[in-house]
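Please go over the structures that come below.
You will see chain A twice below: alongside chain B first, and alongside chain C after that.
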Partner chain A sequence: MQSNRLGWILLAPTLVILFFFGVVPFLYVLWLSFHQWNPFALDPTIVYNGADNFRALVFDSGFLSSLGVTIAFVFFAVLSELIIGYLLAQAFLKEFPGKAFFRTIHTLPLIMAPIIVGSIWKLMTTPSIGIIPSLLDSWFGFDLNIGTSAVAAFTVTVVMDVWHWTPLVTLTLIAALVSLPADPFEQAQIDGANKRQIFWHITLPMIAPALLATVFIRLMDALRTVDEVLMLTGGGPGSATRYLGVHIFKEVFPKTNYGYGSAVSIIVLYLTIVSCWLLYVALIAPRNKKA
Partner chain B sequence: MNFAYRLSVSAIALTMMTGASFAQDIQIQNSEWWQNAGQKFDGVTLRGVTESTPASNYVADVLAPKFEELTGIDVQIETTSWDQMYDKAIKDMEAKTGIYDMVYIEQDIIYAYLSRNFLVNLTKALDENAELKAPEYSEENFTSFVENFRGEGGGLYGVPMEAFIKVYLYRTDLFNDPDVQAAFKEKTGKDLKPATTHADYAEIAEFFTEYGKANDMDLWGTTAQAHTGHPASWYEYFESVAPTYGVYNWGIDASNNYAATVENGGTMNSPEAKEALKWWLSMRDIAPPESVQSTWTEVATTFAAGRAAQGLVYGENAAWIATDEEKSRVVGKVGVALPPLEPGVMEEAESGEGYIGYYDGGAFGLPVTSKNQDAALLFMQFMALPEVQEDWAAAGSRITLTSTYDTAKVMEVDKELGGYYSMLRDDGKLFKGAPEYPFHRQVIEATSPTFYEILTGSIGPDEGLDMMAEKAEAELKNLGYRK
Partner chain C sequence: MSRTEPQDIETPINIYEEQEESRQSPLDKERDGFLPIQTNWFDRVFISVIIWVALSLFWLRFLEPAGLSLNFSHAIAVLLGVYIVWKG
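Showing the complex of A and B:
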């Protein structure tokens, strides 16, 4: 009883902060999503409009287009980060000259604010004068123009996200890999398993919880990407990179369409939870059942 | 293209993003009054938020420290991007958090702020607090631009701190080069001089783009503020190009139930609007490649880097482009002219029925939610003192007091700028700020996705403007302005 009370006392500051900065804003957004409110409308008051905002979403071509490009962005960005992150984690487990230096350099993007990352990539990819289009033009005669080509803009946003967040995946997977026991690997080698078999049947299942946690974190982050993309392309060209986060930002802040923007936010939260749940069911639940 | 050159252009862009610093020494005539006035605000810190522009950077870097030195009142000015500035200011005033004591009010947002009662009536506040009124401060000192910031009863709701027109800049070294003149004459049969019509402007632009290509130069015929995902492109078309074709106030007729479509009495999708858009798109196609990612800042950078022979450039950047050798490659090579026009537009502007381009600027307003209103009133008057204007005007291409035109530095820069300040004084009346609507960003955000699709070629200009006009009306109906 005594230790239970002490536990609650120790937890209390965190719970209070979480309540005011997490639960209250969420409830406020949920409440707003059932209202119409634009402070710059002729009538700036908040008016209850039932499920109208959610109904409008279904027919909003802008939202549906954003949803489509966001799913593509999340798929390519998170998958690339997992593959590259795993390969880098394996590389950093081996000894090679300058390993500490490369590991530090590799981690640096993580400490940069997203808005700075967006600014740097904007400078690097400005058509004609940015260093990347300039080198691609000089070396391969390739014209990279993120202001006109939807594919180029989409690809650059994916590459930028991979550059920024792969170190997180690498660090998580390094931690997971070094904590694996040596016995199963030695036994597999004695039994004649090749590298591919060891990876699929031993390494992957054993790091699956860490991998899944990383995927969840990256999935949630990628679904709400705003700053970097807004800085780099503004959501353009056209609506090619108007991802859901950017769509919500433009709906809520410049357009001050608070009710509708809140409804979109709630839907994105719902999609995030469903995506994570599906991943959990597909990857972890079957293993638990077997066990 | 020379790689080192490209890097240097990027470096100019980087310099622009980090802002500028100034170190002029300002002498305040009645410093004793300011010292006394500041005494009762000991320990007060004023916080302001503004867009990172040359004029605002001067406030943060020069005026704020000088004010603190005089009065002991600490002033923290946050200079940030245009979007962030609005985001922070509106959230603060909407939520009544009282973080900011001064907010930048661009001319086009004042009507929205007034409709929400966000701002303090400065005229009234100073009348009611006579001990706070600086002896040298007078609303009579301001240029006519101050009228943009008056509200109900004629009260002033913002102290103008920058004012400029979007001008037609051109490269005097190119336009006056005998070889270039001869080549132009040979190609077109005309003398090379700043254009007065769109056809002439296009001819000059095409000539210089071809000239740059033929001579392996990084030179194009025109600038274009044609970002495919930022409202800067929307602004360039509706506020700088469409008016030169006789399409005013974004093509929305406020006196006719806020009609935007031709069908209902608006002009957003009129034949003139469509012609203007096609002309502008054709200019965009022969502008430097970075134009599709350019907002107002990058357009200035492009011109300063010597990559365009002519262009429409915000006047706030004109001074540094023409005079700052650390940032500009075209110092002493810049001329100014009025924008090219369609026949009849100048007559409409002179009669007050229309305008020929964009008159922009902003003021510092005092939010009603500020917790330090009295101290903020002091700083805002300080910004309007005649003795702080001269260096500020030279550094930020901005003039808000009539007396500033006659100061030595302004007259000197005016010569280097080919008469920009003279144009601002003499022809400023031909330009106009944004329309007096309280729903700026709402209409822009409702229509800009379609505008960006026009820019990428996914939708044709005619069809696109039709769609935009319909969307504008739908949004205005949704907001309750259109019945």
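Showing the complex of A and C:
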């Protein structure tokens, strides 16, 4: 009982901070999502409108289109990051000349602010001055124009996200791979298992918790991507890169539609929680049940 | 007494086992229900809320335009939630 009380006392500062900076803003946004509020209108009063924001949301073609491109963006970005991150982690476990230098260089994008990443990629992909369109044109005769081609803009935002966040996946997977015991691998090799069998039946199940934690982090980040994309494409051309974060930004700031923006935010939070929970249930929970 | 003389010498003794068991609230206990995973009381309430939101959005999009009030969705969600918490 004594240690229980001590535990609560030690946790209290964190819980108080979490309450004021996490729970209160969430409840405020939830409350606002059931109201109509435009603080810069002639009548800035907050009016309760029931489920009207959500009613408008399920018929809003802009929101539904944003949801579609966001799901595609998250799928391609997170999957690419996992595959490239794993391959790089395996490479960094081996010795090769210049390994320390390459590892430092490879981690640099991680420390950059998203707005800087967006600026860099905008400079690199602007058709008249960017190095990437220039090289693609001279090497392959390919005309990359993110201002007019929806596919090009979408692809570049995915590549930018992969460039920015793959080092995080690599670092997490290096930590996971280094901590694996050698015995199961030696036993598998003695039993005649090939590399593919070792990967699917030993490596992957053993790094699954670390992999899942990384996917959770990346999934949550990718679903709320705003600044990089806003800087690079501004959500265009058309609505090709108008991801949910960008959609919320455009509803809340230029249109000052705070109630509707809050409703979209709540739905994004809901989607994030559900996708993380489903991943957990699919990958970890059945194993716990068997145990 | 039996704790000081373990039969299996390779299994480490958890000296906090009794304390941990006494601290665990009945609401925290996990159990097998019709859901495909072991759940405690909070998990089942969480699943109910998730289903309630999904059902409400589906209702708003497809069934409310046909004249069915959103209140039917809430009633179904509450009944389903009670069943999940009770049997899930």
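FYI, the second predicted complex is superposed on the first by the 283 of 291 C-alpha atoms of A that agree within 3 Å, B and C clash if a C-alpha of one lies under 4 Å from a C-alpha of the other, contacts with A are read in each partner's own complex, and residues count from 1 in each chain.
The definition used in the following text is that a contact is a pair of C-beta atoms (placed from the backbone, for glycine too) under 8 Å apart; a residue touches a chain by one contact, two chains touch by 3 or more.
In this text the structure is predicted, and so the values were computed from the model without any measurement.
**Q** Should the superposition on chain A be reported as showing a clash between chain B and chain C, or a fit?
**A** fit
**Q** Regarding the shared-chain residue A:Leu87, is it in contact with chain B (first), chain C (second), both, or neither?
**A** Neither partner.
**Q** Quick one: classify A:Thr148 as touching chain B (first), chain C (second), both or neither.
**A** In the superposition, A:Thr148 touches chain B alone.
**Q** Under the stated touch criterion, which partner chain does A:Gly130 make contact with: chain B (first), chain C (second), both, or neither?
**A** Once the two structures are laid over each other on A, A:Gly130 reaches chain B alone.
**Q** What is the contact status of A:Gly238 with respect to chain B (first) and chain C (second): first, second, both, or neither?
**A** first
**Q** Contacts for A:Phe40 in the overlay, against chain B (first) and chain C (second): which applies, first, second, both or neither?
**A** In the superposition, A:Phe40 touches chain B alone.
**Q** So in the superposed three-chain picture, is A:Val23 touching just chain B, just chain C, both, or none of them (first/second/both/neither)?
**A** neither
**Q** Determine, for the superposed model, which of the two partners chain B and chain C contacts more residues of chain A.
**A** If we count touched residues of chain A for both partners, the winner is B.
**Q** With both complexes overlaid on chain A, does A:Trp277 touch chain B (first), chain C (second), both or neither?
**A** After superposing on A, A:Trp277 lies in contact with chain C but is clear of chain B.
**Q** Please work out whether A:Phe54 is in contact with chain B alone, chain C alone, both, or neither, and reply first, second, both or neither.
**A** The second partner, chain C, only.
**Q** Rounding to a multiple of 10°, what is the angle at chain A's Cα centre between the Cα centres of chain B and chain C in the superposition?
**A** Value: 130 degrees, nearest 10.
**Q** In the superposition on the shared chain, how near does any CA atom of chain B get to one of chain C? Answer in angstrom.
**A** Checking C-alpha atoms only, chain B sits 21 Å from chain C at its nearest point.
**Q** Under the contact definition given at the top, report the residues of chain A touching chain B in one complex and chain C in the other.
**A** Shared contact residues on chain A: none.
**Q** Show me the residue ranges of chain B that touch chain A in the complex, using the header's touch definition.
**A** 1, 3, 6-7, 9-10, 13-14, 17, 83, 86-87, 90, 94, 112, 115-116, 227-231, 288-293, 298, 438-439, 441-442, 444-446, 449, 452-453, 455-456, 458, 478-481
**Q** Under the touch definition given earlier, write down the residues of chain C that touch chain A in their complex.
**A** Touch residues, chain C against chain A: 23, 32, 36-38, 46, 50, 53-54, 56-57, 60-61, 64, 70.
**Q** Show me the residue ranges of chain A that touch chain C in the complex, using the header's touch definition.
**A** Residues in contact with chain C: 4, 51, 54-55, 58-59, 267, 270, 273-274, 277, 281, 285-286, 288-289.
**Q** Spell out the part of chain A that touches chain B in their complex, as residue ranges.
**A** 38-44, 62, 119, 122-123, 126-131, 134, 137-138, 145-148, 150, 230, 233-242, 250-251, 253-257
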